[in-house]
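The same chain A turns up in both complexes below, where it pairs with chain B and then with chain C.
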Partner chain A sequence: MARFRMLLVNEFKLFRTGIPIHLVAILQPTVMYLLLTVILVHPTFDMYVDRPSTEEGRALVSAMREVGSPIGAPYINPILIDWDGASVSRQVIAVEERDGVTTAVQHYGLIDSNLVKNFRNRLTAAALRLWNADLGARAVTVEEYAWLPQDVPYSLYFGMALLPMTAFLAASIMGAILTAQEFEFRTIVEYQLAPASISLVLGARLARLVLSALIAAAILLVTVGLVTGYWPGSLLEVALILLPVAVIAGCLGVLAGLLTRKSIPAFLVGLVGSFVGWVLGSGFGLAAGFGHSYEFISRLTPFTHATELLFSNYYGAEIGHPLASILYLSLGGVVMLVLAGLAYRWRVMRQE
Partner chain B sequence: MTMKRFWILFTTELKAWRSDPIATMGGLIPPTFMLIAFGLLFGGRLTFKVALLDYDQGPYGEVLRQAFDSTISPFGTPYYDLYDLPADQAWDEYRAHRIDGIWVIPADFSERLASGRDPAIEMHFGNYNDDRAKNHRIYAAEILWTFYERIGQPGPPLALAEEYPHAEMIDWFPVIAVGLVLLSFVLGGMINMFMLTQKEQVAQITLEFGLAPRSLAWVLLPKTLLALLMGLLTGTVLMGIVYLWLGVWPGRFLWAVWVLAGLVILFWVPLTLLFGLRAQYFAGVIATILTGMTVFFVGGGLSMVRYNRENVPWFSWLFPNTYAVDPVRDLVLFNTWPADWALTLLVLIGFAAVSLLVGFSLAARQLRRVG
Partner chain C sequence: MDRSAIVVDGVTRRFGDLVAVDNLSFIVQSGEIFGLLGPNGAGKTTTINLLTGMLRRDTGQVSVLGYDPQTQARQVRQRIGYVPQETNVYLDLSAVDNLWHHAALYCQDLNGVKDRMAELLQLMNLWERRKDRVRTFSGGMKRRLALARALLHDPELIFFDEPTLGVDVQGRHDLWQHIEALQAEGKNFVVCTNNMTEAEVLCGRLMIIDYGQAVIQGTPEGLKADLGRDIVMLRTTPPVEDPADLFAAMGVQAVTRPTVDQLRLEVKDAESIVGELVFRVTADHRLESVQIARPTLDDVFLHHTGRALRE
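Right after this comes the complex of A and B.
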């Protein structure tokens, strides 16, 4: 136990030899989250409207203000401008007479189909309110049955799904670089000569990596909470969910370092694994919603399982198969530990 | 003599690169994987999958079903993919989040509609993401609009029309793909610069540089040129992959893409050199690669900057990618000359010049001090 403690202390002392690496690995996802929350999709769109001079135009603007979620944000912020018919940079709506029919014409300056869709749908929703008012009892009412009692901002899902990636990134790239550098700086010889078992050496390294990963995730968790106002139900459960993710990532990093013995390729393995795993592993939405192929690939990553387990903690609603996810993460951790041990034995202990 | 000296240093750098070509792959692998990932996410049909449970005893339920299929979004596809599922299975799929929602048309829908007694339909949908919940609500408006027209309701008080600046509309994934191409150009240059700088630090060649009697520009220029060429190479390879996937290619405007991308690379490479000289164990390369990815996200990588200026955060304007990405899209996606070419070029030259000046000056100072 004393030997393990010494190894662990030594691992933490390595922090001083690479402070920038550690800071980047720990803080980068939080910085990325803060930057991306600025540009993440928000339901409320500014829509420019040529200042109306007719009753229909004024009614449209009023209807636009009413379009929104009954349990969330408004969808349109109409901005009245005095448009001279010149070219448009984004869009502008003008109520005009066309062939004797009063028409709301949306003039676009953009050709991005996603934005055109968003502007078109919002205008239709506003104009439909006017039509429904005209139809009275003949209008069709859409009775909404939303899953959750409140519409939840996307920035919460985005931040929550970033938690496994944060833990993974920190553990994998630190594990990769530190292990590869043992070869580059020949300090690996000390491990070869030391009378310490593999489990002691690897255990100390992984304990250090896991702790670093959990610290990185904790920083992001606090940031997401402060930005969105949403906090998980149980911090302990969040830590337990992220623990196997960090173990898997730490082992992957150690494996990459052992197999490549070079910092840059090992680092790239950790980096690419983290980002691709995040994008494929429910990083932008629940995997099941993206089709069978995506869901199949997604469930091969630990990210989807961790995200689904985190979901119930944040949203209070269960998704996926929690037991299967717990089993996957636990087994994944064990398998990666075994692989890391075997690779260590092969690359370090049996090396001349 | 001058050219010979330059050539010797350039080939020396090239030999260093050849001993570890992973540096080129470093600029290619992350954007390629991101391309595949975004392709899986946004390259397919952007429709909502819903089940329609039609219990209507009259004709209007079927008309509503037809309205789902005939209402086409700007993506060129219907807003919804309707799934014909038995009720039990539909609810199971909905609870498993494999479909996005369920519409229920009650048995008395047609009867109430015909007699003007407040007909209603149920819309069940997920709202863990407020943006998708928004889409459910505003897509429903499109469906109902079509439905009203089909059943001959009295006309709307306000008709709707649209006017576009171009006949052609571009989808989301190609927009993202070009953003990734620019990222690949930048990462290719940056990683090469890091790799070479790190090698020289480890081999203590930087010490020799510091002691050199000549101007350090002779050392820094070949490194920068090689990084620039490797950045252009990786970006062009990714552009080739995008061509194979999406069929978009700049054609005769390839040189213009290289000019724009080259200037962006020249902004990042000197900064990378500074990081490489100062950061131990290439901590700088990690920071800069991750920063490059972040710049992709906030610098117009995911959407057209030109039409979203008000949503572009102020800090995005502090780096050249934000200015270059839309002109590159003009060239690659539309094969048209960017209207703001001259202005963009001036801005990018300004960024590159300042970065080169500051980067080279500080790097030379650093090398001399080390020496």
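Right after this comes the complex of A and C.
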């Protein structure tokens, strides 16, 4: 144990060999999260309305205020302005008389088609609240059933799904760089001749990578909590969910370092693996919501399984198949450990 | 009782078509500093890698401290220390951290490691700088740290590849003193070098190696004495065109031309013929310089291989 502790302490001290890389590996996802929360989708849209002078116009504004989630957040925040009838920055609704009919006209500025769709849908929803009573059999009725006990901002999902990626990125990049540098700086000779066991050497390195990954994830977890006000039900469970992710990533990094023996290619393996896995692995929404093909591919990554397990911790609702996800992550960790051990034996211990 | 630390018998190692070590045989006795002397690419490092078990041999037998490094690698590794040619310490760790790292990997028993570490750091004059990052050390300090690290687990035999490569004069002499002091304590050393001075100062016995083959082995003094000749260097204007004719019947054993205007003569006894040499040369040439020298290891190498060690 003393031997392991000595190696582990030195593993952490090797932080000095590449401080910028380590900072990127640990802090990059948190910085990315903070930047993206600025532009992440919010449920409530500010919609400008030319101050109405008619009863119909005022009724429309009232209806706009009523449109929203059945359990909380409004979808429209109507902002009344005195419009000059010409300039349109994003979107302005003006209630006008056209051929003797009171008409709500939505004017768009330079915005993309997705935003147009979102603005248009919200106005349609408000209009339906006004018309449905008069439409009779042609009324459009939307019945909404809340799945979760409360509305949760998308920034929470985004942050939560970023947690596995954060752990993965930190462990894989550091594992890749540290291992490749052993070859570049020739310190690998120390290991080649060492009578110490593979499990001791790899164990110390992986323990350091896993702890670093959990530290990186903890920084993001606190950031998400401070930004959204939502915290996981159990920190221990979160750590246990991220643990196999970090083991898989650490082994991937070590494998990349052992096989390439060069920092840059090994670093790229960790970086690309993290980002591709994140995009494919429920990074922007639950896998089931993106179709069968995406879901199938998504379930091959550890990210989706970890995200689904984290979901119940943050949202209080169980999704996916928790036991299958636990099994997948555990087996994945074991397989990667075996592969890393074999690669170490081949690249370091083998007599050439 | 067998006092051999290393026995190498007919070892060959090929890398594709290249024969890096070719039917090499030698014995290193216990308690000696044995040198492998040869130019770059001669096969010295490959030989060390075969002895430490990092490389497999194609043919032959090797025994290191009674164990075969190929089949009993663990037993060999527990008993040897290795300082490679390129100093491979962690530059961003302190000297002490480097030693702790080594201790965790190599030391059978961690009790007493701290005391041994202090002892070695003091021996290598690194105690005052023990907490500093190795990156701030001079080349000589790094080599001394690498040696301290190799000694930490108290090995019986230390392989030292190019001990003073890139080390300044002062550092070189310090390191040689340390190695000699350790030999006096009973450590065995195998030193690879292409530095003749180092080989002469350090090695009790040495083997000259070239193209993977043993050229000759013996003590430095013995090898030079075995040549049985002196060297006379002559520089003339114009250059001597036909030295064989000019020096006929004078007992000149070999003539080479290091530069256009220089002649290198191997003779049995230089002092007895130098007068006649000068007389014959000055008849048709202006003698710019004349030097008489005892043979060096480079001369030994030149004699046996036909080319200079530094080529």
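Basically, the second predicted complex is superposed on the first by the 334 of 352 C-alpha atoms of A that agree within 3 Å, B and C clash if a C-alpha of one lies under 4 Å from a C-alpha of the other, contacts with A are read in each partner's own complex, and residues count from 1 in each chain.
Following the convention adopted for this analysis, contacts are C-beta pairs under 8 Å (C-beta built on N, C-alpha and C of every residue); 3 or more make two chains touch, one makes a residue touch a chain.
All values reported here derive from a predicted model rather than from experimental measurement.
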Could you classify chain B and chain C on chain A, in the superposed arrangement, as clash or fit? fit
Which holds for A:102: it touches chain B only (first), chain C only (second), both, or neither? first
From chain A, separation angle of chain B and chain C (C-alpha centres, steps of 10 degrees): 90
Considering only the touch criterion stated at the top, classify A:14 as touching first (chain B), second (chain C), both, or neither. second
In the superposed arrangement, does A:186 touch chain B (first), chain C (second), both or neither? second
Check whether A:6 is in contact with chain B, with chain C, with both or with neither, and answer first, second, both or neither. second
Would you check which partner chain A:79 touches, where first means chain B only, second means chain C only, and both and neither mean what they say? neither
In the superposed arrangement, which partner chain does A:338 touch: chain B (first), chain C (second), both, or neither? neither
For chain A, which side has the bigger count of touched residues, chain B or chain C? B
If we overlay the two complexes on their shared chain A, which of chain B and chain C does A:125 touch? Say first, second, both or neither. first
Quick check on the superposed pair: does A:196 touch chain B, chain C, both, or neither? Answer first, second, both or neither. second
In the superposition described above, what is the shortest C-alpha distance between chain B and chain C in Å? Please give a whole number. 11
So the chain A residues that chain B and chain C both touch are 17
Complex interface listing, chain B residues touching chain A: 20, 22-23, 25-26, 29-30, 33-34, 36-38, 40-41, 44, 46, 49, 73-76, 96-98, 100, 113, 116-135, 137-142, 144-145, 147-148, 153-154, 156-166, 168-172, 175, 191, 195, 198, 279-287, 289-290, 293-294, 297-298, 302-304, 306-313, 315
In their complex, what parts of chain A are in touch with chain B? 17-21, 24-25, 28, 31-32, 35-36, 38-39, 41-43, 46, 56, 59-60, 67, 69, 71-73, 75, 87-90, 95, 98, 101-117, 120-125, 127-128, 130-131, 134-148, 150-154, 157, 173, 177, 181, 262-265, 267-268, 271-272, 275-276, 279-280, 284-286, 288-291, 293-295, 297, 311, 315, 317, 319
Which residues of chain C touch chain A in the complex? 52-56, 70, 73-74, 77-78, 80, 82, 84, 86, 88-93, 97, 100-106, 110, 133
In the complex with chain C, residue positions of chain A that touch it: 2-4, 6-7, 9-10, 13-14, 16-17, 185-196, 200-201, 351-352
